[in-house]
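The data blocks that follow each hold one structure.
You will see subunit A twice below: alongside subunit B first, and alongside subunit C after that.
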Partner chain A sequence: MQKLGEFKLPPFFNYPPYFTLQPVRDTRDKQIQLWKDLILDYCKTQKVFVIGLEEEFPLFSNPVIERSLTHEARETFLSVLVVEGRAEWMDKFHRKCLILWHRIEEWAEILVQFARDNGLEDGVVTIEEIRFGTESQGTELQGIDRTILNRALKILEQKGKLVVFKGTSTDDEGVKFSL
Partner chain B sequence: MRRRPGIGGLQTAAAARDQYRLLGENVAKIKTDLMKEQLATFRSQLEDFARKHKNDIRKNPAFRSQFHEMCAKVGVDPLASNKGFWAELLGIGDFYYELGVQIVDICLATRPHNGGLINLQELCHLLRQRRKSDRGVVSKDDCLRAIGKLKVLGSGFEVISVAKRKLVRSVPTELNKDHNEILELAQAQGYVTVEEVERRLSWTSGRAIDALDTLLDEGLAMIDDGHQDGKRRYWFPCVSPISSSIGVDS
Partner chain C sequence: MSGNFLPAVQLTESGRPVLQPNEIECFYLSSVDLLSEDEPSSIPFPHLKSRLLILTTHRLLCLPNSSSPNSSGAFAVPLAAISHIFSHKKSIKSMFASPRIRFQVSLTPDGRVSGNGSRSVVATIVVRGKGDCDAFLTKFWENWRARAWEDDGPAPGSSSGSAFGSNSASASAPASSGIYSSDGTVRMVGVAGILRKEQEMWESTDKSLQDAFQDLNALMSKAKEMVMLAEKMRQKLLSGSTSQTNASNDEEMGTKEEMQDWLLSVGIISPVTKESAGAMYHQQLSRQLADFVKVPLERAGGIVNLIDIYCLFNRARGTELISPDDLLKACLLWEKFDAPMFLRKFDSGVMVIQNKSHSDEEVFSKIKVLVTKPEALRAGISASDAARTLGVAPAMAKEHLLSAESMGLLCRDTSLDGIRFYINLFTEIDQDDMHLVKDHGVYASWIRVNHAP
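Moving on to the complex of A and B:
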């Protein structure tokens, strides 16, 4: 079994035709399904939040069988994820894609749980601490993408569960929970 | 001597006919009894044999296959019914029904990948992995027998031979000779190109493309435009060794 670091690649990754968009619908549906699962799975375990379509990405080519996905194929797979709410285009040219293995609402839930677990129901925490602090170490929040975090915070802010306050620089932006 | 007509003559003739009939019936009865007796002996011997070699039949695939052959020669089908002494004695019916269910399962699970055509060898391999408890006890012969039993379902399970390999078909696709020849050609590398088909089979390009398109539509082939020579390759998951790892954690 081929591996990317610690990540185990599925068998289809070694089968050349999976790197060409299939013309027959049923076959293509199956192909898309496999790629979708692979991309989400990989991003989740490797904590990849953004995929650049024109940049190097380990899943987009397989040197062992000398195949790589065309731009069209990359865009097709990611578009399906976008349709299913598992990804979002970050620009109108579809050059960058934000991967949401958890939907934004789910991230918001995770944040609330994080606050409860750390006794922060009425507490204050900085954005930096959420992303890289000792409390978040080993949790899913560790290293969370800034865009995703902001969107999750916004949802909670609208529900009145917290207030985001700005400091003098972006470094000391913080959150006051009121759960 | 000429018989004279009269009531006496007619009665004699009728009596003679009755006699003949009685005699005939007797002979037939004796023959049937003899047959019955022989069958009973045979049956009890076969039972004795089966009882004696019960474990061998259950555990040894080669022995099982020979036992089946012997039964077939004398016109007994141990799988014909799940009731009766064979089932009670050997549980052999259950064994094949179980295999049958598992085969259907595997065929369905791999269908999206191979379009409903699977290599017998791969099927056996997956079957053995599924039956971890008695790994290695299921032979190809057992697979073929179980598939044979699936035919009564009318769901189009069929074994087709392509070159030396056997493929199990679980979709009602009609493969013609052209398709078979392409599959045979593909066994070498797992794929073919249009050029190769034309050259090796001396076909016109129309014929080659037509056959390949059908195989694509049926989900039995996949295209690959990624090779550096720029020539489109047609891959066949049902003949590629790599497909044996699909859905299986090694």
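Moving on to the complex of A and C:
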């Protein structure tokens, strides 16, 4: 079984046509499905939140068969994710893509659960602690992307479940829950 | 109907007349009637209605009109049997009626058309269609006087013909024109006839001498001699290659093959031209094209690029080249008389001529076999690989691969080496579990081949 780091690659990863954007519509649809699932799977397990189209992304190349996805192919597959709400373009030139293997709403739920699990229904915690603190070790929140976290917090703030307050520096930003 | 009165004409599959050696078509008239206005009708001259009349250097062919080419209805009047052609008398009556051309045909005593007959009958051609009657009449005179059936050729510039040396076909009877036919019997009856013949011969010889040096038509007759030469050389090559042992070197064999191909392309003596066919041009062209295309089509494995046929066909015609537009129109007419080939346009825009027997299903199953072989599972196939298996040109093979791809049979792999095709595995991969591989099936075979230790 081939691996990319710790990630187990499926057998068709070595199928050369997998790396060529197929022109025939039905075939292409199937190809897109497979890439979509593969990208989400990989990003989730490897905790990848952002994909830069102009950078090397290990999933998009296979040195064993000497094939890489073209820029057009990468953009096509990521655009499909964007349409389905599983990703967002971070700039209008489509150079960077934010991957949402959990949608923002799902992250919000995870935050709420995190607060409950750690007795923080009325508590205060810093952003740093959410991202890298001991409570979040081993959870999905560990290492979460700032942008995603901010968006999730904003949703919860609008629902009145918490308040975000700024400290003296960005490192001091914190959250007061009121669940 | 006319039984053995008029000799029958053999037709090809597409309804084109089979010509005698050296016979060249000169004029077409459609919708004509052929009958005899003589009394009594003890002479059973048939009344043939609504026919296609083709004037050649040797005969007057009378074919059924267009759609039903069964040879039971095709007859000919050999020009050799015609003893006189009447000139066209213009009168008030003739302006309103369909133009008529009359000629005298000689018959044997038991009523068969023959050059040496003792009886005669006057036949009439009634031109009901739109043909140019005067032009036809002129050509009719010309051909009749030229007496091409005596193997002489219309241009007595055969002094330059003998420079080709081994023209054994025409070497037999130099200038056997005159009042005696080649077997020695007298041709015409009556002194007046003889004198008239002589006169006409002198006139035509004179005219021909001039024509030979000025008219492009003379080139046509030269072309005929060239083709005879080519045929002789071909015979020599054929006999040469069979008698030689395999010890002949490769270079020799290569040039021999080249010679053969070149000779094959110099095939057609009698091109259908706009002049000779008029409104029937595209129809006759279409039939001639259908006959011509059969051989190159078979050699190319049943499918040929249209551009290649354009080149081959024009090359064989030599003069009177056809335009691409004419070629296209001719191909499109094939469905009207059920020709065994058809024009096809691929999605890429490439146009080909394909044999009806060279079907897509057959091609696809061959491709499937090729693409599931271990080497193909490992590395895919290219257009040249497919060309070798299918026995067609690489460009044609590529078109087939592209159609197979659009049918979902194949997938493409684009790289610096170009495009290669693999069997489509996407349909075999489970959408919900990307690691799942069924035990049997092509996906499993592919994995076996690619992950073998």
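Rule of thumb we're sticking to: the second predicted complex is superposed on the first by the 179 of 179 C-alpha atoms of A that agree within 3 Å, B and C clash if a C-alpha of one lies under 4 Å from a C-alpha of the other, contacts with A are read in each partner's own complex, and residues count from 1 in each chain.
As a working rule, a contact is a pair of C-beta atoms (placed from the backbone, for glycine too) under 8 Å apart; a residue touches a chain by one contact, two chains touch by 3 or more.
On a predicted model such as this, the values are computed, not experimentally measured, just so you know.
Judging by the criteria at the top, classify the pair subunit B and subunit C on subunit A as clash or fit.
clash
Looking at the overlay, what does A:L38 touch: subunit B (first), subunit C (second), both, or neither?
In the superposed model, A:L38 contacts subunit C only, not subunit B.
Considering only touches as defined above, state whether A:R67 meets subunit B (first), subunit C (second), both or neither.
So A:R67 meets both subunit B and subunit C here.
Quick check on the superposed pair: does A:P16 touch subunit B, subunit C, both, or neither? Answer first, second, both or neither.
both
Looking at A:K154 after the superposition, I want to know if it touches subunit B, subunit C, both of them or none. Which is it: first, second, both, neither?
neither
Going by the touch definition up top, name the partner, subunit B or subunit C, that contacts more of subunit A.
C
Between 37-45, 217-225 or 379-387, which run of subunit C pushes into subunit B after the superposition?
Looking at 37-45, 217-225 or 379-387, the stretch of subunit C that collides with subunit B is 379-387.
Return the residues of subunit A at which the contacts from subunit B and from subunit C coincide.
Common interface on subunit A, subunit B vs subunit C: 11-12, 14-17, 19-20, 22-24, 26-27, 30, 66-67.
Mind listing the subunit A positions that touch subunit C in their complex?
On the subunit A side, the touching residues are 8, 10-12, 14-17, 19-20, 22-24, 26-27, 30-31, 33-34, 37-38, 41, 66-67.
Write out the stretch or stretches of subunit B touching subunit A in their complex.
Listed in rising order, the residues are 112-113, 115, 191, 216-217, 219, 222-228, 233, 235, 237, 240, 242-243, 245-248, 250.
Going by the contact rule set out above, which residues of subunit A touch subunit B in the complex?
Touch list, subunit A to subunit B: 1, 11-12, 14-20, 22-24, 26-27, 30, 66-68.
Tell me, which parts of subunit C touch subunit A in their complex?
Against subunit A, subunit C makes touches at 380, 405-406, 408, 411-415, 420, 422, 424-427, 429, 431, 434-435, 437, 446-447, 450-451.
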